[in-house]
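Chain nomenclature is as follows: A, B, C, D, E and F, assigned in order of appearance, with residue numbering initiated at 1 for each chain independently.
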């Protein structure tokens, strides 16, 4: 596969890792946040942490949209799905996310709620066309990457008068999350950030410039293949070593500095800033999410079904709130791997393959055991 | 079972049959029409014909409501069932009755039409209550016996404001059919009639008085157990022998002379005479059937769905038209038992267990073969 | 279609309904068409509705008549048998 | 959630759609967000939508850079090996 | 986290091949059916057999409703297949069980069914040694379907087959007919009635063992399930190219079953049985066999109900209690689906 | 009147036990599957077996859609069960087949499925000797479900079981992985994509026969169906109380399968196969076995993909192509139901 295979060359990966190993300076710490869940997933899938020197520590960030969506929003989605007049369409990742109690969309589905897994908003539109007697609600979640497809679907429904289609909009934005991380009182010490590649394909890389400047933080926006990530880490190591704090673009093949203006224009047309939105781990963050513009209220499930938002505390034992902020690692959660597993996730970070806990389950758990055995 | 077992005593049956055999007069012919399908069924089920002397010949009449309903009415029922907004409730007998082409309610059901078999109109009301988003149409067929339950169901729906309930009314009346038989140019020669027991429970026996008088025809209204029927036949033989032509009541335990006035009042309240109604075999007969009164038009499926009636000719080879008029016997149909069997009925008489062809299939066929073998 | 069976009323229920018994089988049916039913009465049951009360006296009369037919026949048979013997 | 894969446009379809190819697997997707695509172009495909064109020159540059890192390393390794030998 | 056996429901993951499915299989099926062959945990069971004739059979169970007076789909799925093995003149050895579960089906109901199935298997002494579970989306099944298969070893010297009936042979039924079908109908939506009728569902292999000891020359064994005695005898008449003559008065039928049939317009001859067998044997064996059957707890109401006759038309006929005779044809009347 | 094989549909009467059902069974099932055991027309098949070890297995097939590139539910129901017999180290002898049909299912589709099933059975040389048909109301099933059971005779001296893997043993896969699951997904509503990927569905008993001849000491045979190689190896690790170490670079995966997995965010290790087997054998047998497999038409792409290790945690791990190592856990991610 072009643009994939050449970035998955194992031998080359070890070469780059060796260079990183050679270039890290003794006594220096390289705490690097992989902001994006896609990066978290790749790191786990390809076992990159094993290749890195001990001083380079990867800290998973809040860039998994499944992880940062708070329980109250899951509850609303479940409530919608349980309505007999509604078919809820969702990306597959959301089905096992725990809502209040022991509920989830998967359980609601087993109870008889209409939940359809879709691959694309294009499919949700198809479902709406095929079910004119139901309201088809698309459970729209995700960062800037996933927002344009939601916007286009709404515009398409509007254009063809598909009145039984609506979005339950939960789109959030990356910069406010990054700001929250960096301004948090319990801020995790960071030497660099791997910037989100596909988000930046839409937003452009310049949105991270203020962070690099204000916090003197090296940022390298990276692709998702292992060589991309290793190169980005190398670039960060070099910035740290050289005392630079710039926004660099490792993912130049897909990411122009200006991003995709057309996609942003579509977002702008459909969505507007939500004054405040609750994030798991961060609480309510101002101007951190999008809602549907009033002129499209007919396609807004929140307006249409007068969905009130109720904030719901996380499971007592769940450390997701700290994990998405980089303050704790999955293995710091006392129910990791016992009460909370991918089969029976207690927190959202154990659900998506981009979640820190799920990734650690599939990768680090093994290392923990080996370390345990070695001790 | 009280009122059943004592009328099914085999030894007694043979005694009565012996009396009949003793009382029939040489040279006399006793062509007796068992008007009612229920009688046809009992005669077959208990093998009564084998007990009777050859001069007593039983001729099945038009009293099977499944048999006399014309194809066009079946087509309308199928059309209703195929509507996505309709659930059609029907007594089980109707499902295999052939409509136009090779269609039937059973086939329509297999194609996805909603057809529910109900035991009672009470169940059809339940279906309506459980499916408020569909119109539940009860396929109302039958003679006077079956009409009051339809009427009561409509009144009940009216009383509780069950607006999604409707009747597709095909109720017909016995006297017009009897008149058609007796006034037909190709009239079958009859010495007596076994009058319908359960119809008379509603109508009373006096409705047959004019027939007895005008055509000098012995009529004995009979119960449905084998001893009932044998007694009725004996009573008819005696009337014939004595030259009497009266309406006698063998079924006195259930049938008061006046019938059930309350049931008739309910019929009267809901239904009105239909100026003309097509019967299989008879064509359109004036004042022979009921339609729903205009004040209940909201519960009338024909009005509600603007169902036009289209007369459809019977299958070319099918002799049902003659059979329901007593002019032919099933074995006179050239496709009886070959192209037409209970599994794949071509005509309506092969469907209901009260139909002459179905009854002959289950009983007489065997006798035919034995006679064939004896020759 | 005109299938109807004798059933005994074993309980009267509200709304014109009653529980009837057919050979030990009990079912709730409508008795709205038959006034003044009492527990113990027999009715003719058709598609979930009682059509009429069964008259025990008339039934007995019919049975007597049936019995008589038999007896007459038996008598004649005896006569015939006697004649043949 | 942000899963996206490189895909090659193999046919342009009406209504802002195109057929793309991923390792021989073909799928119809929306290209409404990317102007001026031509058959043969590569795009970043995400939940059924092309997010952007892939720039072949930039890709080549990145690969060259990656190769270079390796070479430097190899060179050093040779140096080290030579030193060790 | 445990499976919630009180208010939990079957989810799609329970059929996905992952750990959730492994847990369902372990906690429910393996624990209920436990036996050494199943416990080996393979995709197939391995066992040792002697040389000889074996039988294999299968049946799917789609009965509705799932629970009924006298049994449930679980016990039925054991009895029915044990019986089809036994009707081959064989001693049943092992069963397999394939479950198709509908998403959303209550785990409590599933447990009840599996427990009942395990009890039926234990009672019969025929273990369930291998199985399979699939889960389909809500609306794509009806709660639970179970397909069992069975194997057994044919008793030495016994040879039964549907084509072995000969004119002069005697037809025996092992007990009252129609109980199962009427019990099901009594709890069908829209038909509900109260009665003491219970399904006769039971495993008949011990009765068969007694029968083949007494009359190893018996010709045909068949359980009259779907379509009842009428369908089964017509099938046998067809296969053996013979006619059959039944005696209505000899048919063992419970009064309540007769009553329910009158009420619903059914004929008990067409109503399904799940704990009765029909046997056709040479006339010289009939009395001995009948006596042995009646002495067995599963055959107390056994009766000779007719005989095999030569008839090119292969008619099954019945002498009615009135001296008449009628054809007992296959069922072509009302639809009474999902009776087994 | 004949069954209408062009535009006819399954009706409830086709499962009612009457003549309509007998006709469906005769015209379709008996005619397609015809063999002496089935033709005997009993509710069970009777056959002679030698003394020895036998296996019995069952699987339900609920795949959606019913027809897919490379096969259909009919061929799958034969291959899957033949394979489960073969994975017991046994020569498959006979199959049973239970059909659950949804009212309204096109008879033409049913005929296509049964014909394909008959062809698969004939090709495999494993006859379908007994069967059953049930019909459920529209909306109570999903077209057709098939449950097959199979019996077979274990090859002399062979003893395979999921608990026999030992540290040091070698893990071999018989060919490319993921083909079946991806072929199904390519025709799933909402996921449709065009590719040349075909299901690998095939009967593997001939390959197994070759394998046991070359290496009668092989320890484990298993077809990695639901949950793919990952689920199967985890099950085996669990049963044998061992760990396993895979080598990612050694996994045979077709480029298109890899592409489809990238597109859909799947991992081929979790994708179902229906014509592949995993074998665990002592290290000294590995090369000989691999050579024999590669020489067999069903094992041309066979590869050693890892080894068994001692591990109290029973982890299945994989060395990634990058020198890393990760756990290969059971599937807990997306739902891909009805893959078999």
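The definition used in the following text is that contacts are C-beta pairs under 8 Å (C-beta built on N, C-alpha and C of every residue); 3 or more make two chains touch, one makes a residue touch a chain.
Chains and their UniProt names: A, B = Hydrogenase maturation factor; C, D = Hydrogenase maturation factor HypC; E, F = Hydrogenase maturation protein, carbamoyl dehydratase HypE.
Everything quoted here is computed from the prediction, not taken from an experiment.
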{"item": "Chain A to chain F, fewest steps along touching chains", "value": "1"}
{"item": "Steps needed, at minimum, to go from chain C to chain D via contacts", "value": "3"}
{"item": "Pair with more cross-chain C-beta pairs in contact, given C-E and A-D", "value": "A-D"}
{"item": "Greatest separation from chain C - chain, by CA centre", "value": "D"}
{"item": "Centre-to-centre distance between chain B and chain A (centres being mean Cα positions), rounded to whole Å", "value": "71"}
{"item": "Separation of mean Cα positions, chain D and chain B [Å, integer]", "value": "78"}
{"item": "Gap in Å, rounded to a whole number, between the CA centres of chain E and chain D", "value": "63"}
{"item": "Chain centre separation in whole Å, for chain E relative to chain A (CA means)", "value": "56"}
{"item": "Interface hub residues of chain D, defined as touching at least two other chains", "value": "3, 5, 22-23"}
{"item": "Contacts with two or more other chains, residues of chain A listed in rising order", "value": "1, 4, 93, 106, 119, 123, 341, 343"}
{"item": "Sites on chain F at which at least two other chains make contact", "value": "12-13, 18-20, 255, 258-259, 262, 265, 330, 332, 335"}
{"item": "Those chain pairs that satisfy the touch definition", "value": "A-D, A-E, A-F, B-C, B-E, B-F, C-E, D-F, E-F"}
{"item": "Complex contact set, residues of chain D against chain A", "value": "1-6, 8, 22-23, 29-30, 32-35, 42, 44, 46-49, 51-52, 54-56, 58-59, 61-63, 65-67, 69-70, 72-74, 76-77"}
{"item": "Contact set on chain E toward chain B in their complex", "value": "190-191, 249, 255, 258-259, 262, 264-265, 267, 313, 315, 317, 320-327, 329-330, 332-335"}
{"item": "Interfacial residue positions of chain C with respect to chain E in the complex", "value": "3, 5, 7, 19, 22-27, 45"}
{"item": "List of chain A residues in touch with chain F within their complex", "value": "1, 4, 8, 10, 13-14, 17, 44-51, 92-93, 95-96, 106, 116-119, 123, 126, 226, 341-343, 353, 358, 361-363, 365-366, 369"}
{"item": "Touching residues (chain side chain A, partner chain E) in the complex", "value": "102, 106-107, 109-112, 339, 341, 343-344"}
